Structures are given as C-alpha cells and as structure tokens.
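Sending over a structure as structure tokens; questions will come in a sec.
So that you can tell them apart, the chains are marked A, B, C and D in the order they are listed, and the count of residues begins at 1 in each.
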Amino acid sequence: MPAPVLLTDEQRTRMHDLYRQLHEHPELSMQEHRTAALVQAELEQCGIDTFSCGGTGVVGVLRNGEGPVVAFRADIDALPIKEDTGLPFASTATGTLADGTEVPVMHGCGHDAHAAALLTAARLLAGAKDRWAGTIVFIFQPGEETGAGARAMVEDGLWEKAPKPEVVFGQHVMPGLAGTVQYVHGHPMTQADSWKVTLHGRQSHGSQPQDSIDPIVLGAHIITRIQTIVSREVDPRRSAVVTVGTFHGGLKENIIPSSAEFTLNVRAFDESVRDTVLGALRRIIKAEADASNAPEPTIEVLSSFPPNLNDRQATDDVVKALRQELGEASVIEGEPVMASEDFGHLVEPICVPSVFWFFGGHPAETLAAERIPVNHSPLFAPVMEPTLSTGARAAVAAILSKVGLER
Amino acid sequence: MPAPVLLTDEQRTRMHDLYRQLHEHPELSMQEHRTAALVQAELEQCGIDTFSCGGTGVVGVLRNGEGPVVAFRADIDALPIKEDTGLPFASTATGTLADGTEVPVMHGCGHDAHAAALLTAARLLAGAKDRWAGTIVFIFQPGEETGAGARAMVEDGLWEKAPKPEVVFGQHVMPGLAGTVQYVHGHPMTQADSWKVTLHGRQSHGSQPQDSIDPIVLGAHIITRIQTIVSREVDPRRSAVVTVGTFHGGLKENIIPSSAEFTLNVRAFDESVRDTVLGALRRIIKAEADASNAPEPTIEVLSSFPPNLNDRQATDDVVKALRQELGEASVIEGEPVMASEDFGHLVEPICVPSVFWFFGGHPAETLAAERIPVNHSPLFAPVMEPTLSTGARAAVAAILSKVGLER
Amino acid sequence: MPAPVLLTDEQRTRMHDLYRQLHEHPELSMQEHRTAALVQAELEQCGIDTFSCGGTGVVGVLRNGEGPVVAFRADIDALPIKEDTGLPFASTATGTLADGTEVPVMHGCGHDAHAAALLTAARLLAGAKDRWAGTIVFIFQPGEETGAGARAMVEDGLWEKAPKPEVVFGQHVMPGLAGTVQYVHGHPMTQADSWKVTLHGRQSHGSQPQDSIDPIVLGAHIITRIQTIVSREVDPRRSAVVTVGTFHGGLKENIIPSSAEFTLNVRAFDESVRDTVLGALRRIIKAEADASNAPEPTIEVLSSFPPNLNDRQATDDVVKALRQELGEASVIEGEPVMASEDFGHLVEPICVPSVFWFFGGHPAETLAAERIPVNHSPLFAPVMEPTLSTGARAAVAAILSKVGLER
Amino acid sequence: MPAPVLLTDEQRTRMHDLYRQLHEHPELSMQEHRTAALVQAELEQCGIDTFSCGGTGVVGVLRNGEGPVVAFRADIDALPIKEDTGLPFASTATGTLADGTEVPVMHGCGHDAHAAALLTAARLLAGAKDRWAGTIVFIFQPGEETGAGARAMVEDGLWEKAPKPEVVFGQHVMPGLAGTVQYVHGHPMTQADSWKVTLHGRQSHGSQPQDSIDPIVLGAHIITRIQTIVSREVDPRRSAVVTVGTFHGGLKENIIPSSAEFTLNVRAFDESVRDTVLGALRRIIKAEADASNAPEPTIEVLSSFPPNLNDRQATDDVVKALRQELGEASVIEGEPVMASEDFGHLVEPICVPSVFWFFGGHPAETLAAERIPVNHSPLFAPVMEPTLSTGARAAVAAILSKVGLER
C-alpha cells in the first residue's frame, strides 16, 4: 500500500479558488470553452501533457515510468438553472440553448466540485512521482447532462489518443454527509432511455367519434397498459421505472385531434431488464395502435444513458484504499440510485473494469432538515469542506491503489 | 277493406283452453313434441293441411282460391325456468338440457299466448272463407329461444314445401297494456351475437409474473378497451351494446393461470353497426393479446340472431288494419326494444317484406306497480284477457289486410 | 291557408346583395356592429320598429292588427376561420379575440344566409299586410357560436321589450340538397356541455414515482374510465357522446408533473341523458382521483348549450305549410344532428312551442362528391340559389302558417 | 470455535432411514400425527425432553448446563400433490381436506429433509455434550404450508413452555447444488398476503346496461388500476408483486351478473412496502367501486405470511461457522426468493435475532438441465446425498456457533 500523498493547506486553498472560479462561470453542455481553457492551463502548469477531445473535453496524460495505466474522469458542464444559493460566488452567467433561447446557467449538479477535486488530485500526484509508477489519464468530460459528451470524446478518438487504462474511476457529489464516501457493489446508477412517441389518429368533430381515430383515447390506453411492464414483465427483485413525463394533444374541447404525443423515460440497472422494458414498450405501443385501428405510432429516441457497473474486485480495492485514506467509518456501503450518467459510454468501448462512487456534500445539520436541496435544485450548494478535500483525497487514494509504490 | 271476422265467446273459451294446456305443458327448445302434436291436431281439425318441418315445427297451409299468399309465424318453445306464478295451470314440467341436466320448464316468454292466438286466428279464418281469397301459411316454429328453430325450418325446406308468401307477419306478447298493440317503423328488435373468447396465457407462480403471460390482466384490458367500441366507433345516433356477461379464470390466488375465458353479447339494430362492432371486437381482442405478447385468443360463436326489419309500406297497411279492428287508441307507435328474435331467419331467404309487432299482456293496475314481471321472469304471467283476444284479432286483421275481400 | 306571398325577382336580387355584403364583412361573436347596423337599417326601411338587445342583437317588431304573435330568429355572427372559398365576395376581414389576438373572420357557418333570408322574409311580409294579421317578432341574434348571444338578449329583457310570441321559429343552412328543407320530430340538435378539468398531482423526478402523484397516469385512467359512461350507463337507444378533445401535462420526459388538464365536450338530445352523463363524469373524475390518492380535480364549466325541442303540433303545422310552399318532395323528414345551438336559450324562459329546421345549401353534383365542405370548413360555401330563396320562402310560409288569413 | 461434531456413516444411514419413512408417509398440514409420533420417539430416544405444542407440533429441549439458549426449527407438513417421482419410497398416502375431499399427499416441498436433518443434528448434539454448554430447543413445526402452524405453536404457549432462545435458526431445501448452502443478508423470503374480494353490482339483462352496475367491468378496471401500485407507488429499488390469481363472475353471456369475485396475492420483503401496497389496494378497490357507483366491495383476508429477516451479526456468525464446516466454496451469498414462510411467526413474539438459509438438493447434472423440478412439483426429489448430510451438518454447525465450547 502506498504512503499517503498529503493535501496541504496551500493546495486546499488553491482548490477552493478553482472551485469558486468554476462555480461562478458555469457553461452549458458542449459549450464549456472557458472551463476547458482553465482545466488545460492548470494541467499544463503541473507538467501534465494535455489534448482536447470531443470538442470541449480535455485529457491530461501524466506518465511516470513503467507501471499500470489508470484513468479518472470528471465531468465539467453545468445546467440551465437560475442559481438561488446566495453564495458570494453564485453564478450570474447565461448560455444559449440549441433553439437560440438565452438562459441562466448554474453548476447545479456539482460538476465544479468534480473538476476542482480532480485538478487538485492531478497536482498532488504530479508532485509526488516518487510515490507511484505508471501512467495516469485525467479525463475532463464535457456534456454529461445531455448524454452527449462521453460519446463525443470516444468518437473523437479518446482511446486512440490516450493510453488504454486498466481501470477507470469516477465520482459524483451527492446529498450525504460531507466527508464520507458511499459505494455500491454492482450498478451504482441506472441506465436511462428517453423517447418521444407521436400517435397518429384521424381528426373529426367531437360529436362524430365514429369518423375519428381518437389519439387521446389511444394515448390513455397506452399509458394505462404500459403500467403492466413494471408490474408484470420485470422480475420483482429487479428495478425498473417507466415514466410518461409529458402528454400533449388537442386544441379544442369539441374537436378530436389528428395526433397527440407523449414522452417517456425508462430506467433500469440491468441491461436485460432494460431490453425487456424497451421491447415491451415497442410491442404495447404498436398493439394499442392496432386496437385503435390507428397507424403505427412514431418513436423517436431522445437520449440513451448507458449502464454503469462497478467491477467487484476493483470496487473492493478502491474501498480498501478509501478506508485507509478517509477512515473506516467514512466509507459506507450505500444503495444504488435511480439517476443516470454517461460515464459508461467512456468505459464501454475498452471493456475494462470501472468504479464509480459518491461523496457527500452536506453537513450533519443540513441533513437533519426535512428537505435538503438536492442535485438540480437552484439551491444546491455542497459545503466546500470537507467536501472538496474528500473528493480530492478519494481521487488520489483510488489512483494510488493502482499505481502506488509500496513503501 | 274486408269485413271483420268476429271472435265469438265460444272461440274465446276454446282459445283459453288451448292456452292453459300449452302453459301447463311447456317444452324446451327443439323438444316441443307434445306441443307440435296439439298444434297439428288443432289445424287438421279446422281442415288445414299441415306438415312437420325443422323437427318439431308445424306448418299449416290454408288454400282458398286465387289470391295473395300471406304467412304468419308463432313460436312454441319454453324456457328452463321454475315457474313461480301461482297460476292454477302453472307448469310443473321438467326437461333435459343438452348436457343431460334435468331442469324445470316454464312458458316464461309467452310463446303459449302466441300459439293459442294463432291457432284461434286459423280456426276463425278457416271458418270464414267467404271473406277472403288466397293462401295463408301458418308457421308454428320451434326453438326460438336458442336461435336454432327458424334456421332448422328453412334448412328443412320450409319455402320449398310451403307456397312463398308476399309478406310474413309475427307478434310477441310483452309488458304493456293488455288490449293494445305497439308497433315501430324500422327495426322492432335488435340483432344479437354471442361469442365465447378463450385467452391463452402462460402459467407461473404468482410471485414470478415475469415468467407468465397473465390472462387475467389481459382479460381486464380487453374488457376495458372494448368499452371504446360503443363510445367511440358507433354513430351516437345508432344503438349498440357490448356486454361481457361472464369472465372466468384461475384456481388459486397465488398462481397465474394459463388461460381465462369470457363470453360476450352484442346487440344492434342496423347491420352496418353490427358489422362495425364485431369487426372492432375481433381487432381489439387480437391487438390486446399482442400487447400482452400472448397467442391470438380463440373466438367461438355461440349464437347469432338475425336482423328484424319492418317494411315501411307493409307496416302502414298492418297498422291501418289493426286500428280498424282494435280502435285507434289501442295501436300505439312504440320504441324498438333491445331484445332479439330469430324471426328474421324465416324471412331472409325469401326476401319479402315482414312486419313484427308487440301486444301487451298487463292490466293497468299491474303497470302502475314499480316492478312488472317481464319476459323470462319466473313470475311472468300475462292476463288471459284481453291479451289473447287481442293477439287473435290482430292476427286475423293483419292477414285479412292482405287476403281479405272488400265488401 | 293563406295565399302565398311571392318572392319577386327584384326581391331575390336585393337578397343576393344583402347576402354578399354580409358574407364579405363577417364579424366575430358579440362584435357584430356593422352587421347589426345593416340589419337595423334594412328593417327600418321596411317600416318595422326595431330595438337593440343584448349588445349587438337587433329585434324588429312588425304589428298588423289583432292576431297571434309569432317570432323568428336568425343568428348573425361569424367564425375565426380564414376563408378559402375563392368566392368573388370572399371575406378578407379580421377580428380580435378576447385575448387580443387578431384573427381572420369568415361566415363559415352560414349565418349570413340566415340573416339575408329573414330580412327578405320581413320585407315580403311588411309588403303584404293584407294577407295576415297579428304581430311578427324578427330576432337577429348575436353570438350563437360562443353560446353567449341568446342568453345576452334574454338577460337584456328581450321578452319584456318584445311581445311574447305563441311560437318561435328558427332555421339553419346545412349540407343537403339546395331547395329542400329537412325537419325532425323531437330534438333536431343536441345539448352540449364543455368542461375543463385540472388534475392535481405531486411532482417528482421520473425515477422516483413513489414520491409522486402522477397526474398523467391519473388522466389516462379517467379518460379510459369515462368510456364506460356511454357504453354502460346510457340506454343504448339514446344518444350521448363524451369527447375529451384536449389533454395536456408535463414539460420534460423525466419529470412527473404536478398537474395536468383536459377538456371535454358532452352531447345528448335528452335532458335526462345529459344529467346521467354529467353526473357520471363528476363521479368518475372524483373517484379516479381518490384511486390515485390525489386531491379532487377542479372542474370548470366552459360552455353549456341548451336543449332544442320541436313541438309536435307546431312542427306538423310548419311542415304542412312548407310542403304547400315548396312542394311535397322538398320537405323531408331527416335525422337529428349531433351539433348544438343556443336557440333554446331564447325559447326556454317563455315556455312556448318552437320549431327549428334545416335547409340545404348544396347542388346535387356537389352532394355526389365524396367530401362536401361542411359548416365550419374554410371551404363552406352554399350556392346562393335555390338556397336563399328556400330560406326566405320557408320563413314566410312558417310565419304565415300562424298569422296568415284564410282566403 | 468448537471442534466439529462428526456425522458418522452409522448416523448417516439412520438419517436416510428416517427420511425414507417421512417421505413415504406424508401428512397434510395440522394433521401430522404419525410424523409427530416419529419425531417425538426419536428425540426421546436421544434423551431429549419433549412436549407437544400447537396440535401436531413437537418441541425437544436439550439442556446441558449453563450457557446460551438456541432454537432450531424444522417444518414437518406435506402437500396435496400426487407424487410422480418414481422413487422406491414414493408416497401413496392420501389425506382429507377441510371440505372433506380425499386427496393424494406428497412431501413436495422437502419438509421431510428438514425433519430428518434436524433429528440427526439433535442426536449428534445429544451425543456430544462435552463439546457444548447451554440449552438447545428443537422445534418441529406443523402446518407451514397453510401459514397456520407457527401461529398455533405460539398461541399454545411455545415460548412459555420452552426456554427463550437468544437466536432462532431455520433452513429450507431448494433447487441449488446439493452440498451447498445459500444465504442472504436482509430478507431471505417475502411476506405474503392473500385476499378474496367480492364486487357487488346490480344485475340486468345484457341489453340494458343502464339498469345495471356491471361488476365485470368494475373488476376489469380494478385489475387494470392496481397495476399502478407496483409501477408508481413502490420505490423501484424495492420488490413487490400483486397477482390477481382468479377472477370469476357471471353465468350467461347476455346477463350482467349481480356480483363477481377475485383473489389476489401480495408479496414484499419490507414491511413498509407491504403496508404501502395493501393500503393502495384498499384505496383503489374502494375508489373504483365509487367510480362504478357500486357498493364498497367486501375484502376477506385469506392468509398472511410474516416477514422473515436475517439478523446482520447472527448471519455473519452462522456463515462463518458454515464455511468452517462445509468449506468456503460451499457457502454462497445468494439472492432473496419471492416465496414465503411462516418462520417469522415463531420469532416475532420474542424479538430475538433469527437466521434462515437455503441448502441445495440437486446434483450438478440436474442443474444443467433446462427445467428443474422445483418445490411443489410432483417431480420434486432432492438427491439424498450430499443434501441431507449438508442439512444436518449445517444445523450442528449453526447451533455450535452459539453454544459450542472453544477447544
């Protein structure tokens, strides 16, 4: 087991500065130009080779002789949310959505903490080359929120440009006690697929239903019927959710419209459960349209977040290292969360183990409150300490568990 | 317009005797041997040629020189009901169902009244040959209740053996003021189709729905979905009913069964509405099975009652004759009823006009009561008079409207 | 029976001019200022006393000695539709909706024909005072399309200001052979009620349905369940429609929204059927919310069109007069239509008989086409003749059937 | 850690004899008279004090000086199944159900293996009193299959008559590799609740749905609606099943019946999930009846199986002991099963930790086959060895982990 690489007060102060800069200047997915420049400058200053990848992604490669290759990923994009934290360094930034709308932007999911912690870990490891041997790949990924960034980096040749690692790590700040890490065996997060479904009916006056194919009644029956997927087609010991988040059809109460549309979101941990659910959805949507004598509905895939599976052995190794670094009591076996991530898209093409864990961002007194501002809330504001230090130390410990030199 | 043929007290007494005999000895559908013998003897005694047709059916042909041919039909079968009227001539008869069960039998639908009235009309017309010219075909049909009798007579060559009429008449006793006749233009009664539908699923333990195809959930969705046929696919100005009368599946609360079955009954006046409904049923049953990933359900036709359509002109002629015979106020335009009849099966193959009307069997004081014992009730008991006389006089008047000689 | 009052070529030409003016300058409901001025001027020119009523409504009272009082109503408002008929006098007018939107306006429902015909009838009757005696009330009603106009006139004291008639007539141009009139006994049109229903749920992330009350799933079950009202709760021989014309809820596929809303439209001929349907709707909406553990949904009444019932005797009288005027073959017993009218609101407060009929606006060759532009189509364009003459002659004949002097 | 208590060949042969006797003479729940006599004789012969409890239950108390008290439970009843294993000692026994029916009886769930293994463990421990100190309570429980037996023993004063243990153990033979044990942390099995629900409608002829309250349509909507409990009201990370195993209503396709009934079965691991599901069921059943304007349905509880929760520390202790006895590779962390047990009813009233595990009964070659005869199959036949020895050794090892003397 390698000796600890210590986070000095100076480094902690530097990390806080980075965090405040990142937090104050959030950028929308795939538009992280300022953030990328800051990341690249910081890595270069530490003597780490960098290259851009997938547009606004930045990769740092820190070589230190013979040894294993390990990769660590932090995501760097922010959200179209109007910050309401009242922090002195709160964001007043705006960004432009695909449709041209200008919107307020906020680091409402804590990616600023991910980036600040990984930059700090990079600096620490670059300054402690006597303690480890091998190569570390630091991946600063854009566009996690839209599910586009990891794929963009892979398509831009990430794994041709960077050495292929033996393991990939990632972490996410979450509601939980600041200073602690939560891990799970198996899937820490779900896959997620979103569809838009357009139902094709036939318009008629509301008094003449016999001349119509009523897309609202069709939609009602589809939504009713797809409840049976989770209730009847999935092993009760497996998790799955099908949510129809929107339904829109019709302009006037006495006109049966010619079409209606709804969007849905599917989540599951297991690939086989996901396949079962998506297959059943297609089957039911088609069959219910048949029952209405309607044309086959149009299904458009809006997004697809990949599986995220913690390797058993790699997880045990990381947990051991984290416990050594942070103390037994601070590394807790948690529950998987139903949220999703595109981290898996980075790992999938190289077929190596990965480990993804959570670190808490809330002090005990906040957790005691009834309602904690969670990720994506305009009030989401992890306390800087011990949150950031825990993130940085966890990153260093995990990386050293692979490339560290025994004393 | 022919002069009235009068119903004498003697004939009325004879009719009451016939009625009491028929009522006391009811026979199940297609087993009306005693009834057929009585009918045949009575017709023969009046000098009317008879032949058996369709098993227990009897046809009388009364020829009287050149002139139109007219047919009148009465049905003669009874029901598996235990009579509870308390009449002195109440039935204590029993019969044997197809499956061998012995059951009580009762004239619970008034076919005894139909037969007694038509036999009396036959006797009157046979005794008044100077008042009319032509041929009258008296049809005493078995098996109306099961929808089998009319078809059996036609298949046994009814219209080859009897002269083809220009018009066919029929009548039915119903709740309504005794002494009155109710007629409608258009369809007096509905068509009716009955199906048995078997749903094929896959059995599994109740705790493992993912291994099953749940036929009870499938059945629930079919029953839910077919409500849209009447609500969305039929012109609201047209009548249609789809009733699922039975649903049976499963033996144990924690076993998902391998199959389930339901029976349904469809009624409509218009042939096109019937076609719409039956087509939609097949479509929905198939599509919902698809939605469940189940094999196509098996549909078995249990029975099919034909349309029954009153010819416009023939109805007007009959109504005029009935008003002359019974008085203006006693012949009322009524509403069609949702019940069904196989009368149409007799008429359909010869494509001639037909008229079917109702005559009331209840005194005013009974009608004022909240709940009248209707057809098929164990308490159904039309008062003999003026019910039977009205039936006999209506039959005579209708027949004479076609074959009567002007004074 | 009074002698016919003849429509001369000169009057026909004048009527066509009026029609073209009205058609070219359509006005939205309750904004019929130009139309009202034209109507008023025309009536005054004929020597008929007028007064404004219900905002843009105009009433003409033509007194001619002792005799019965009879009223005839024409509606005068137009629709927010962009005309696409290509007529030389097609509308290019615009109007302003309640929300301030400027929209194109078109006489897409034929109220211009109603007004032109009734103005012509008024002129004819004012010029033929020797042929009749009594009082004729000509009602030019605004705002029929929104269901507001008849009520506005009544609330403005119509029946205090005008003499109370013994009967009220009205007519509507419809797809059908130009030159013919269609009438029905009973209800020519349906009642109609429109509601907006707001479902109150509880928002949560799509991956955490257990924290939500899902208003989209609730809406789907309500829409599914209300199909049983028409299929199970209404006598199949009665007409009823429940159409959910709109359903809207949710902004994002992975957020369960906090509310959703739908609008519905109910039609029925009979008041008791309407009561049954509206009662069942309230019951089901409430119960399904209970099933979802949701608060009681909010129901807002958008509009309510009254019953419209043709008096039996008055209808027979009108039909006789119309047949005499237009010929037997041109006055046809038709079917009731599922559309609605606020004509009933005029009649209801004075409890007198009324008769409402339809007159055709299409030549035979148009009717032979597969798709006829019906009322409310941007292509709706009745042929001027014989449509308008039939409307004017029908109005005169109906009025004279009540006030005309026998020769 | 105590020295192993060895299972000699002689004891193994004796165990096989016991097993064959038990297997050949299975008895229905709460009628295990012959089995109880055999168990009691065997325990007494080992010098263990016994008493009857809960009818056909037998308790053995083996005291051996000061020390902890530990309890081990085996269930002893069989099932109404016709054995089809072809074993030389296959059952030909019959039994009498509550309704008087005589049925074939079979040890189709392996309780014979449980009893033979525990009797053997008792003999081994009674013969090795120098290796342990304290008190062992051997519980041979009747009526597990019906959920009645554990409750009967408790109500008969089990924990007043026997010393209160510090921990209660139990085990069940299951499909799995013979020679191995599977354990889980948390709930090894589900709770289970079964209900019978009677829907009260109003009968009418199928052609007059407006006079009915249709209980089949009501049932269909309830079954459809309760799918949302699992899909929307339960945390997707928790397990729950609601199965409607039977639905029965109606006698004739054209009669809407006056009532219908269905039975359902609910399973969940967590008490809070069970409470959520049962509460939602009551709410939905009531609300859907309201939606149908029907009286509140009648709910009858058919059975209720309790939770079964493995204590964390006690499980770790048992697993350690089993690994020592059977080898690391033979003690596997498995998955919870959706089946249910009344073991929890024994433990609940004394609020002490319990551990319940599974032992495999199938050789490797059987497991490779596509379809293994599982518990409750007429073909269920665990191989005697190493199944029984594993069961006996696991029981001894678990008990000694608590009362054994360190060497």
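Following the convention adopted for this analysis, a contact is a pair of C-beta atoms (placed from the backbone, for glycine too) under 8 Å apart; a residue touches a chain by one contact, two chains touch by 3 or more.
Everything numeric in this text was worked out from a predicted model, so none of it was measured.
Undergrad: Please tell me whether B-D or B-C has the greater number of C-beta pairs in contact.
TA: Higher C-beta contact count between the two pairs: B-D.
Undergrad: Please flag the chain sitting at the greatest distance from subunit C, going by CA centroids.
TA: D
Undergrad: Between copies subunit C and subunit D, are the contact residues mostly the same numbers or mostly different, with half as the line?
TA: same
Undergrad: Cα centroid separation between subunit B and subunit C, in whole Å?
TA: The separation of the two C-alpha centroids amounts to 43 Å.
Undergrad: Would you mind pulling out the distance in Å between where the CA atoms of subunit C average out and where those of subunit D do?
TA: From the centre of subunit C to the centre of subunit D is 71 Å.
Undergrad: Using CA atom averages as chain centres, what separation in Å is found between subunit B and subunit D?
TA: Chain centres of subunit B and subunit D, defined by C-alpha means, are spaced 58 Å apart.
Undergrad: Check each residue of subunit B and list the ones that touch at least two other chains.
TA: Counting only residues that touch two or more other chains, subunit B contributes 207-209, 214, 217, 221, 224, 227-228, 231-232, 236, 241, 267, 338.
Undergrad: Considering the complex alone, what residue numbers of subunit B touch subunit A?
TA: 207-210, 212, 214, 217, 221, 224-225, 228, 231-236, 276, 280, 283-284, 286-288, 290-293
Undergrad: Touching subunit D in the complex: which residues of subunit B?
TA: Residues of subunit B touching subunit D: 190, 192, 194-196, 205-209, 214, 216-217, 219-221, 223-224, 227, 241, 243-257, 260, 262-265, 267, 302, 338-340.
Undergrad: State the interface residues of subunit C toward subunit B in the complex, per the touch definition above.
TA: Listed in rising order, the residues of subunit C that touch subunit B are 224, 227-232, 236-237, 239-242, 267, 335-336, 338.
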